[in-house]
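Two complexes are shown next, each including chain A; its partner changes from chain B in the first to chain C in the second.
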Partner chain A sequence: MSKMLSVENLSISFRTDEGVITPVKGVSFTVEKGRTLGLVGESGSGKSISTKALMQLLPGTARLGAASRMIYTAKDGQQISLGNLRHGSKELRRIRGGEIGMIFQEPMASFSPVYTIGNQMMEAIMLHRGLKKREARQFAIGMLNKVGISNAAARVDQYPHELSGGMRQRAMIALTLSAGPALLIADEPTTALDVTIQAQVLDLMRDLQRELGMGMIFITHDLGVIAQIADDVAVMYLGTIVERGPAKEVIRNPQHPYTQGLLDAIPSLDHLHDRLKPVPGDIPSPTARPGGCPFHTRCTQAIAGTCEVHEPPETSAIPGCAVRCWLHTSQGRSAA
Partner chain B sequence: MSKHKDTLIEVRDLSVHFPIKTRKLFKTEVQMLRAVDGVSFDIKRGETVGLVGESGSGKTTVGRAILRAIDPTDGEVIFHRKKKGGIDLAHASEAELRKVRSKLNMAFGESGGGIKVHNLADDLLRAFRPEMSLVFQDPYSSLNPRMTVRDIIAEPLIASGKYKNREKVDARVREIAARCKLNLEHLRRFPHAFSGGQRQRICIARALVSKPKFVVCDESVSALDVSIQAEIVNLLKDLQEETGVSFLFIAHDLSVVAQMSHRVAVLYVGKLVEYAPTEKLFFAPKHPYTHALLSAIPSADPDAGFDPIRLQGEIPNPLAAPSGCRFHTRCPFARDRCSAEQPEWREIEPDHFVACHYAKEFNFSRS
Partner chain C sequence: MLRFTLERFAGMVVTMLLVSVMVFLIMEIPPGDYADRYAFRKYSGTGVNVTEADIEAIRRDLGLDQPMLLRYFDWIGGIVLRGDFGQAFAFETSVAKVIGDKVWLTAGILFATLLLTYLVSIPVGIYAAVRRGSAVDYGLTVFSYLGLALPNFLLALVMLYFANRWFGADIGGLFSDQYRDAPWSLAKAWDMAKHLWLSAVVLAWSAVAYQIQTVRATMSDELNKLSVTAARARGVPELKLLVKYPARLAINPVVSTIGFDVNRIFSELPIVAVVLGLTELGELLLKAYLDLDMNVAGAILLLLTFAIVFMNFLSDLLLGWLDPRIKLGV
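Up next, the complex of A and B:
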């Protein structure tokens, strides 16, 4: 297994009217060739902006922390520091699409409303695969077929707004995969799909991964999907990774109180009449990030005198897993 | 007349067809895409009806046609008012529509856009339509980037004319924002500074602020983490209890639909295939498509087996929908009759509707 992406200590700040906020703080993760990292966590915890930072897609008000490192190993083995690529540079354009493909959470971000789906796909295919126009059109139709769009030969000439939400999402998946990326970042790629087509699209991604050794970062709120597709998982809360490890292990045996709360909140067909159980308490304001453990304001197991004062270190009790919680440290256990 | 005195929305033979241009070598042909084709169902006061089905099966189109955000090609949508009686939204004039609009709302996951459109005159509405379809289920492009979140949420309230002074509007906006778990400090911000889930909550707050009678929730909780999703589901249920609002709840996450809905309807290529009380639909479905759909719900239990029924055959092209039963091209149980004869929409048990020739023979019960 070889590491294709290594992110260390990524922090992201924004200048806002209310002052500087830091919605991502000290995030580290790696992606290996042919493997999938699942990213789950609270809405607004920084999943999308962490991955957008890799491709320099953050708005001008954003700043990366000085210690942030994002090292990508390209198809030709060259190591590239993504943070140093300049906007508008040739190298950045080569990385976007051809090396790192991104399926955006906002489906319209990848499509222009004024060109047909086909024209936009053909442009990407000609650029990254070096095909001629006619071949590119055939390739585009084939790709639309693969993501389960019926009558692809006609759909290819339609405009984005003429497709249903889920078709547009699939067209976007087809567009991104057409460029043949080595690393795929998929931000909520299946939320607009029904479960049968979702299963089909996940199969397709897995097949491509096996064939091409594609690495994947898969962002989703659906822990069922994580259980299906992810090898490893990282759980984010307020801009930090609070727990990580092999996906099945983390889901079976969650260590962090937030992960435990998240799993308890999943609606189940077996308990239709029970009220759902959200994680108690309110999400803190980004301008007033809690000191100590960021989760202490909502944690039912918090250790008074410790959790609200000191930030917990990352510890690893189970091999391959890591958690940031005082309950899993010897100091915490003796204080409790 | 509706069957029940507590019926709020009655949809009768609703059809929506779109003209589609297709390029054929040298000429362009126009074909009719039957996105919704003869759909009938009703929604009671205080009831949540779930609408599920394959992507592209026409769910959003049904929601928008009920609210007259698009003109139905055919059929009726009766909105039963307690005092003033029924009004057919499908044929109502713009002036009549204006009177009831504040009572009907859409929390498109895509949201804002739709609601705004309801306050426009018909010609404006038409001019707006292409843009509106751009905002489908997408909480990003639908929120006006130049309005603060406070103004976005307040807009339907002000349009309804119920709240005249600013303090009252502010108080109501803050109340609903807090209940939708939005940070009150954020009300002054512009939408670009919010994550997907935060925008979705803005859309929900906006749809609920004027205390409507009927809300279409189109993928309204799909971008939320499961904890906030649980909170919003609980909130929608509480509000329903308090105000008697009815919901048409469109979502792909079937566990959430089951949790929210009293009854669930399943759409396949523009036609309803099954409609039943939630427990019957989930635990004793009668239609082979419903059965296949339920088998594909991924479980968060990594030890639970996952073996969805992989439907063979192409997803039908709505421009050339299959003859007979539209599912026959992929149905594992199809027989000759299925491709020849359209199955009747019939009530095989009280409150359990299904369109399949052999529904009575199937036993798909799940424990």
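Up next, the complex of A and C:
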């Protein structure tokens, strides 16, 4: 498998009225062709911001850390440093949509309400595939068919509000894929949908990914969804990846106390009488990021004198997996 | 769109009818009528003893003794069927002759002011929202407060002074001397345009200041919409993106208040007109009211309200085109 995206040491800070905050700190991950990386974490853990940085979609107050590297291998094999693309450049516009496509959580809000589905699809198709209007329309109808929208020839002229929630997200997938991206970033695409629709959309995305051979970054807060769709997983907490590895391995044998907490928090049909077990405490505000290990304020296994003082290094106990936790270092174990 | 247009058109016609009734009632409200005023004018100081019967005779001559309902239908019927606004009593000629040219001049000023307001405030407001928090944005905010705080007539005086100093424009009026009484021609129209811009700038000043802030606020909201980020993530070029996605919705409140702007400009017109030496309808309206010359007052009020209702109709159509959800009724 070839690496199509390699992110190293990504740090993102924002200038705010309360000073500089750094919601993403030293994040590294890779995406391989045809595979899915799941980014998991609570709201505010920096999942979305990290992926928005790839396409320079962050507001003007955002700054990337000096050591941040984001190398993307384009469809033609060219290596592109995503952080260095000039604003408004043709190359950036080609990357946006044509190389990397993005699907968002709210299908209703991601369509403009004043243009038809077809209008917005044809715009992307004409931009990235160089087709004429008539051909673009045919292409759009074909794409709507592909994502399982019945009567696509009529739907293409409808407005977003005329579609149901699930249909809208299917149409959004069609819109994003119609530009022909090699890498798909899906930012909680099923969170706003009913559970039954959720499963359909997940199936659809997995099938399309296989068929088109795309790489995918799937952002979610739900480890259950990760189990269904991701090959690899990276668990984020307060802007840092605390654990990563093959999805099966991480879910079966979580190393980090935070990952363990997230898995315990999933309600189970086998234990209906048990109370739910949420991860204790609240996620701290990014303006008050705890020193040392960011998770120590909520960790039940924190080692006093170590975890709140020093940031843990990334270690690898199981091959292919990595974890940032003092419990998994020789130093930490002796301190405990 | 056709159905939507027809519906709105029907609505406009009904509104105009109701408005004409109201205008007629407003004409009836002041105590006394032109018959009293005429008798007073003709005989005061002459020593002639005027009796009720004399006034009644005048009233009959003028047709003012008819019942109200009849006079309304007579009045509105004349306007709708023959374009005849009736007799301007105080001027002893037809209303059409009295208001004639002034209607076109007033309409010209109104239209020029509206056009200038939107041509300036919409792009500038969009620019301010895109460059939010920059020096230019703050500068525009300061200008807006200045624009709203400065009285129009003061601005008119200052503008007159500088227009005369720098551009050698004649002071006041809508025409140069040689064209004032000349028949309409291309040269006369051009001469009017040269005078018109000053009035348009003065009248548009505060509206521009106000609408810049409106567009800036709605555009700032629209820029944060997910659909804009989504379009950007599809690689739509920035300028095309701004016009197609956020700007189209951001000008919504400006378009929906076109009718209000017409009314506001007309209300501000008389004061500015005094300073700039314009002959327009507002001043005439006041005079007609003082004279109890109700046909003139009614014609002006009716034309103004029709202009507002018509502009509202246009703004409805524009809104329906800008945001198809409106005409689909969702």
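To be clear about the criterion, the second predicted complex is superposed on the first by the 310 of 336 C-alpha atoms of A that agree within 3 Å, B and C clash if a C-alpha of one lies under 4 Å from a C-alpha of the other, contacts with A are read in each partner's own complex, and residues count from 1 in each chain.
The definition used in the following text is that contacts are C-beta pairs under 8 Å (C-beta built on N, C-alpha and C of every residue); 3 or more make two chains touch, one makes a residue touch a chain.
What you see is a predicted model, and the numbers here were worked out from it, not measured in a lab.
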Task: Joint occupancy of chain A by chain B and chain C, clash or fit - done: fit
- [ ] Go through the superposed model and pick first if A:I125 touches only chain B, second if only chain C, both, or neither.
- [x] neither
- [ ] Mind working out whether A:V114 is in touch with chain B, chain C, both or neither, as first, second, both or neither?
- [x] second
Open item on the list: Tell me the contact category for A:M70 with respect to chain B and chain C: first, second, both or neither.
Closed with: neither
Task: From chain A, separation angle of chain B and chain C (C-alpha centres, steps of 10 degrees) - done: 60
TODO: For A:M102, decide between first (touching chain B), second (touching chain C), both and neither.
DONE: second
Open item on the list: According to the stated criteria, A:G165 is in contact with first (chain B), second (chain C), both, or neither; which is it?
Closed with: first
Task: More chain A residues in contact [chain B versus chain C] - done: B
- [ ] Report, in whole Å, the shortest distance between any C-alpha atom of chain B and any C-alpha atom of chain C after the two complexes are superposed.
- [x] 5
Open item on the list: Just to be sure I follow: which residues of chain A are touched by chain B in one complex and then by chain C in the other one?
Closed with: 106, 109, 113, 161
TODO: Could you please specify the touching residues of chain B with respect to chain A in the complex?
DONE: 18, 20, 22-23, 52-57, 60, 110, 130, 133-134, 136-138, 140-141, 181, 183, 185, 188-189, 192-198, 219, 222-231, 233-234, 252-256, 258-259, 278-279, 282, 292-293, 296-303, 306, 308-311, 314-317, 319-320
Open item on the list: Touching residues of chain C toward chain A in the complex: what are they?
Closed with: 225-227, 229-238, 244-245, 248-249, 322-325, 328, 330
Open item on the list: Looking at the complex, which residues from chain A come into contact with chain C?
Closed with: 55, 57, 88, 92-98, 101-102, 104, 106, 109-115, 120, 123-124, 127-128, 159, 161, 175-176, 179
Open item on the list: If we count contacts the way the header does, which residues on chain A are in touch with chain B in the complex?
Closed with: 14, 16-18, 40-44, 48, 59, 105-109, 113, 148-151, 154, 157-158, 160-170, 188, 191-200, 221-228, 247-248, 251-252, 261-263, 265-269, 272, 275-279, 282-283, 285-287
